[in-house]
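Two complexes follow with chain A in common, the first pairing it with chain B and the second with chain C.
== the complex of A and B ==
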């Protein structure tokens, strides 16, 4: 069984974190938390997130899973006003999610989860760790988007850089060590990423103030953050682009 | 045809996407013959445009190559030059098979025996100058590079792989290994479901990677010895000794070391031995090729395939979309690589 009430802002945060990579997701439900692990259709990026019971106004659940079409949740969220509490109840007999927002009730059909397995999380040995303000990063991405379709993340012992090189122009965001919350990096590392994915991921975590980045050389990047008032934790993995000489 | 080394080499099943970002030199004649023989209607009639011109080769080349490009793999097609004089025997033999198959095909169609008709029709495939011309034109429009070999296309493709200009070769033959190609990819252009001849059954054709070094280590001989044992079995350039297959050839070479010693011990003679060895170990090659993959000319492709050869525009447009996806895929790795 699953029955919960949640503030619309919190549901929006949860939805955004996942929907930047997939349209449908399998929510693993347990008495204390709800979690999703999913890989985008192109197998370029992964999200692994969980939200504690405490993020909800009310939460009652047994072990189980719900296949949810995230576009439908977004449609519901469009109906919600700020501060609205949305209720979600699993109608097990008809396998539907009954959603109440304001005076509206939506009977939402669920997605078959039979073909949706939980992907494994690769075990990555990433030598550099950077903790920074999400806002700083957003500026860098904004500056890069008009220049190129990829972005290089570079860490060295003195700081962190984001570099976007286009055919004509180059954009570079320099964050020296003292502007970072934390920096652990012995040797310089650099990996190149698709800017559209990277940008969408960073946009999806609007409610997050700090971000922890684990970086290697031509390796996937791991980004960890909390959301939903520290009650949600998530990890993004993004595969690098192969740099051609 | 080439030498059959299937039982001796080490095959590794692969997915197209495993070759992302890698350049592969495909034996163009080999691929086009595959398309001409496979892409047929149930009674064996090849695909044709409204005026009766065969289009199986263009269909195969376009749709398969767009699948290859979609996964970010970089194909280069290597076309045969003038055949080596020693290959004439094989070519004439194939002409005879073709003429006989033509008759048997027509007979089977008359008798309503579709299974035989299709099998026989497949043996009639003939690659014409016109087809080669339209194929190179299509590849040019697709932004796919083409290389012209002086003689055997597979020799040239193998040379490009040995030099490191491409990662490996793509062919249905094993001759690449004789030419010293480090990596041979089989079924690159024809993977997927395929009908078994004379049976109402389908098999899954997998892409296979054959590594020269691993294969040689596995059977404990070197490349010169591999060439020798192939000559013993027969190649496109010599007949070989009747009754000697891969296993026997291998054990003879393992036992005696080289072909001269086998000939002495077994009292057999192979004509043109040095010449055939020369073909595989020191073929005529060229450095005159350019490996550059460009954006496809969508309009040009539609003009050629739809206006000239009456392809369905919807299918062509959706294949063009796959090529575009490939341009983005080319440089993007997948997370699977780290699982």
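== the complex of A and C ==
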């Protein structure tokens, strides 16, 4: 069983974090929290997210799974005004999610979760750790988007850099150590990533002020952040581009 | 006298290179094409034109054409050859791949086009002539018609990239048709004024109606909600149908498991060489075209001109700059994937060689790719093996394809998460 009430802003945050990678997701429900682990269709990126029951206004659940079409949740969110509380109830007999927003009730059919297995999380040894403000990152991405379709993340003992090299122009965001909340990096590391993914991920992190990045050399990046007023935690993994071939 | 039939304002002639043709007179091959495209057109026109006067009778394949100039007013009309018989082949691109360019130009130049000026909205209630034309457009088989023209049909054969060429034309005064045997499925959607055009064309496709018939029906304004029906210029209708059906099939293919290997398919017809690479990745698609100097759309260039357009898993939201070919090839690939019940990423490489002297329509791309996908494929365990083979089969070097192909660069450089050892799950 699953029955919850949640503020529309919080539901939007949860939806954004997942929907940047997938259109449908399997929500694993437990008495204390709700979690999603999903890989995008191209298997380039992964999200691993969990939200504690404290993020909800009300939350009652047993162990279970809900297959949800995120576009439908977005449609519901478009009906909600700021501050509205949305209620979600699983109708097990009909296998539907009953959603109330304002005076509207939507009977939402669920997606079959049989084909949605939990993806494996790669075991990554990433030597560098950077904690920075999400705003800075967003500026860097904004500057890069017109220049190239990929972006290099570089960490060294003095700071963190984002570099985007196009055919004609180059954009570079420099964040020296004193502008970072934390930096752990002994040797310089650099990995290259597809900008469209990276950009969509960073844009999806709306309710977060700081972001922790774990970085290696030509290796996937791991980005960790909290949202929903510290009651939600998420990790993004993004596979790199390797140029030397 | 000879040039009565070929207007000096014909854009396709100017496209070949203005004064160059005068200096050459089909004897010096100044444009670099193996044969003079003007003569190919001219000879096939002569045959038709001598048979046509103010009154004409023949069997329409059936054929229907809607021009696009002046939209929302446009010229609609029948395509009819000046003779009776089984003329189905003349407007049936699904069968044309095994003919030469000369044959195809021959088929098309026999089709005289009647012109009837209408507003697109007249598709709803355009009176007797419009009704007869719509009926003809959905006829199941060649239909005998008699045409009266305002003046004697004349003009050039017109060639456009998307549209099959057709012959002389003249304003239509009257069309008489015997009892037409209409296509059952097309008739059904014609009478269903509550069925949206999009749903109608998908339904027709799943019923097995050929794409050329569906686009003719869309063009003739017989699909869609009764109050919204419109004539659609033929060239728009072809790509609209390729796009809508292709999108539908791609969506379906996304539900199927990935192929297990790298595959290479090929087809080489009308001096167009197509190589198709399928990769074991989720849906992603790109078409890269290379036009040789002397081929249709690169008549005066000295270098090979290359163009590319692509889409990721979630498709695209803007019209592909490459045009109708993009959608025609995508349809053919999605069709093959759905037929097999598999999903893959697809790259289509096209070399249009100089022997492709005249544009014959996007059906060339659709049918070439379909043909490739029907033939046995070569199987490879990795990308480099597949690319190596493709490089052998094409003239243009891999390096040049790579320079244009975003998808190739993506496949070569982008890692996936499975490349890294995992835990959990």
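Of note:
By definition in this document, the second predicted complex is superposed on the first by the 243 of 245 C-alpha atoms of A that agree within 3 Å, B and C clash if a C-alpha of one lies under 4 Å from a C-alpha of the other, contacts with A are read in each partner's own complex, and residues count from 1 in each chain.
Please note the rule applied: a residue touches a chain if its C-beta (ideal position, glycine included) is under 8 Å from a C-beta of that chain, and two chains touch if they have at least 3 such contacts.
Computed from a prediction, not measured in an experiment: that's the story for all the values here.
Overlaying the two complexes via chain A brings chain B and chain C into a clash. Of the two partner chains placed by superposition, A:130 touches none, neither chain B nor chain C.
Once chain A of one complex is fitted onto chain A of the other, the partner contacts of A:240 extend to both chain B and chain C. After overlaying the two complexes on the shared chain, residue contacts for A:88 are found with neither chain B nor chain C. Look at A:220: by the touch rule set out above, it reaches both chain B and chain C.
Of the two partner chains, neither chain B nor chain C is touched by A:173.
Touch criterion met: A:194 reaches chain B and chain C at once.
Contacts of A:118 after superposition: chain C is touched, whereas chain B is not reached.
Applying the stated contact rule after C-alpha superposition, one finds that A:46 touches each of chain B and chain C.
Set against each other, chain B and chain C differ in how many residues of chain A they touch, and the higher count belongs to C.
Note on the chain A alignment: of 153-161, 243-251, 261-269 or 315-323, the part of chain C that runs into chain B is 261-269. Contacts of chain A with chain B, set against its contacts with chain C after fitting on chain A, overlap at residues 39, 42-46, 120, 122, 124, 194, 219-220, 237, 239-243.
Those residues of chain A lying in contact with chain C across their complex are 39-46, 117-124, 149, 192, 194, 196, 219-220, 237, 239-243, 245. Contact residues on chain C toward chain A in their complex (touch as defined above): 254, 281-284, 312-313, 406, 410, 412-425. Chain A makes touch with chain B in their complex at residues 39, 42-46, 120, 122, 124, 150, 194, 219-220, 237, 239-244. Partner chain A is touched in their complex by these residues of chain B: 20-21, 329, 331-339.
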